[in-house]
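As written, the chains take the letters A, B, C, D, E and F, and residue 1 is the first residue of each chain.
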């Protein structure tokens, strides 16, 4: 199929697909985070609105999850650097 | 029309997750039909899961934008 | 490989593969539902047969899961229709 | 012989799931060997998981047939 | 792409890829087992070292998981054999 | 450089799993920043998860070697 396109169209297509893939990755992360944060923050039966503590927990959950990720990666690098120089 | 495929999969995944989470929370002991209290719970749960998805999306894209501005390769 | 087949064989093959995919999708849903309903209905240690309440729970679980799915999809459509006409 | 691949994957998936569920239920504190009470539990669990799979398969295909008869596109 | 290689290179490549796939399968099983055994054996807050019981549980967990797998497969075969001969 | 892709995916998967497990264990109620006790817990958890991965790897490869020696097709 691809050889029916000229070069410009091919480039456009591959850029389009890259964007789509990047978007799909972001969407997939958001679904994952929503699931994780829902399980952590919403422990009771769902009501007609979030309690203050549920909402606060949800709002902080994403940032603390990403903080955890950065914290762990930094620790791993520190330990690797220490073991190379030690 | 290729575009809509990512959007469609996104909507489909959101419905699947809502289904999974709300069935877990609202239908504790499956009986011979959905009771009215289960249906009330499901209606609330749908609203809350969509709200949670919105809160998380906003938080994640805000953070992503911040990280890209400061340290391009850290996330 | 495909171009070694004549047209009739190709059609048969593609019909066969479609059937296989449909079957694989159904099987995958059944595995998923068995796992979900097992976790919901079987909370104790497995015995030599199901208790009456475990069996009843399992028998209702699939239909209530699919009812939940239809209920949520209907709600979403109602809300969408209301927001278009409102 | 292409046919058998879907069937084989199905059998494999059923064994994997049974393994996962029954290990979770029956081997609570892994020790230096499978005790006889763990083995009894596993034998029961295998039978029950297979039975659950049969009950769910029957319920799902019955429902699927009903939905297809009434509203082709709803499930 | 493949037709740019001569036969020997193709064989080498396919052997390399097979090895990679086997390794990836082993790695994936190890990740899966680590996750399962972590959830089963580490129930409290992580400390600066494992307790004796946590370590023992982890060390036994893999072997008992694989024993479970063999036990179930043997049972299934026994039942199948019995139903063929019965 | 093809080789490193499997290794890289392996390292990435290990980090993702550690992240998931340690966030679940150490950040019980997400607040406006990671507290110092959450950070201590995360440091311990990282060490323990890596140790668990090593214990499991060793046990699995030992068993695999044993099974291959005795009955080539059983696992």
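Everything that follows uses one rule, which is that a contact is a pair of C-beta atoms (placed from the backbone, for glycine too) under 8 Å apart; a residue touches a chain by one contact, two chains touch by 3 or more.
Computed from a prediction, not measured in an experiment: that's the story for all the values here.
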Both-way neighbours, i.e. chains that touch chain E and touch chain D = none
Which pair wins on C-beta contacts, A-F or E-F?
-> E-F
Taking mean CA positions as centres, which chain lies farthest from chain A?
-> D
From chain C, the most remote chain by mean C-alpha position = F
Distance from chain C to chain B - Cα centre to Cα centre, in angstrom = 19
Whole-Å distance, chain C centre to chain E centre, using C-alpha means?
-> 28
Geometric centre distance via CA averages, chain E-chain B, whole Å = 32
Two or more partner chains touched - positions in chain C | 37, 41, 61, 63, 69
So which stretches of chain B touch two or more other chains?
-> 22, 26
If we trace the ring from chain C over to chain D and keep going, which chains do we hit, in order?
-> C, D, E, F, A, B
Residues of chain D that touch chain C when the two form their complex = 2-3, 6, 9-10, 13-14, 17, 21-22, 25-26, 41, 44-45, 47-49, 51-53, 55-57, 59-61, 63-64, 67, 74-75
In their complex, what parts of chain A are in touch with chain B?
-> 16, 20, 23-24, 26-31, 33-35, 37-38, 41-42, 45-50, 55, 58-59, 61-63, 66, 69-70
In their shared complex, chain F is touched by residues of chain A numbered 36-37, 40-41, 56-57, 60-61, 63-65, 67-69, 71-73, 75-76
Contact residues on chain D for chain E in the complex?
-> 15, 18-20, 22-24, 26-34, 39, 42-43, 46
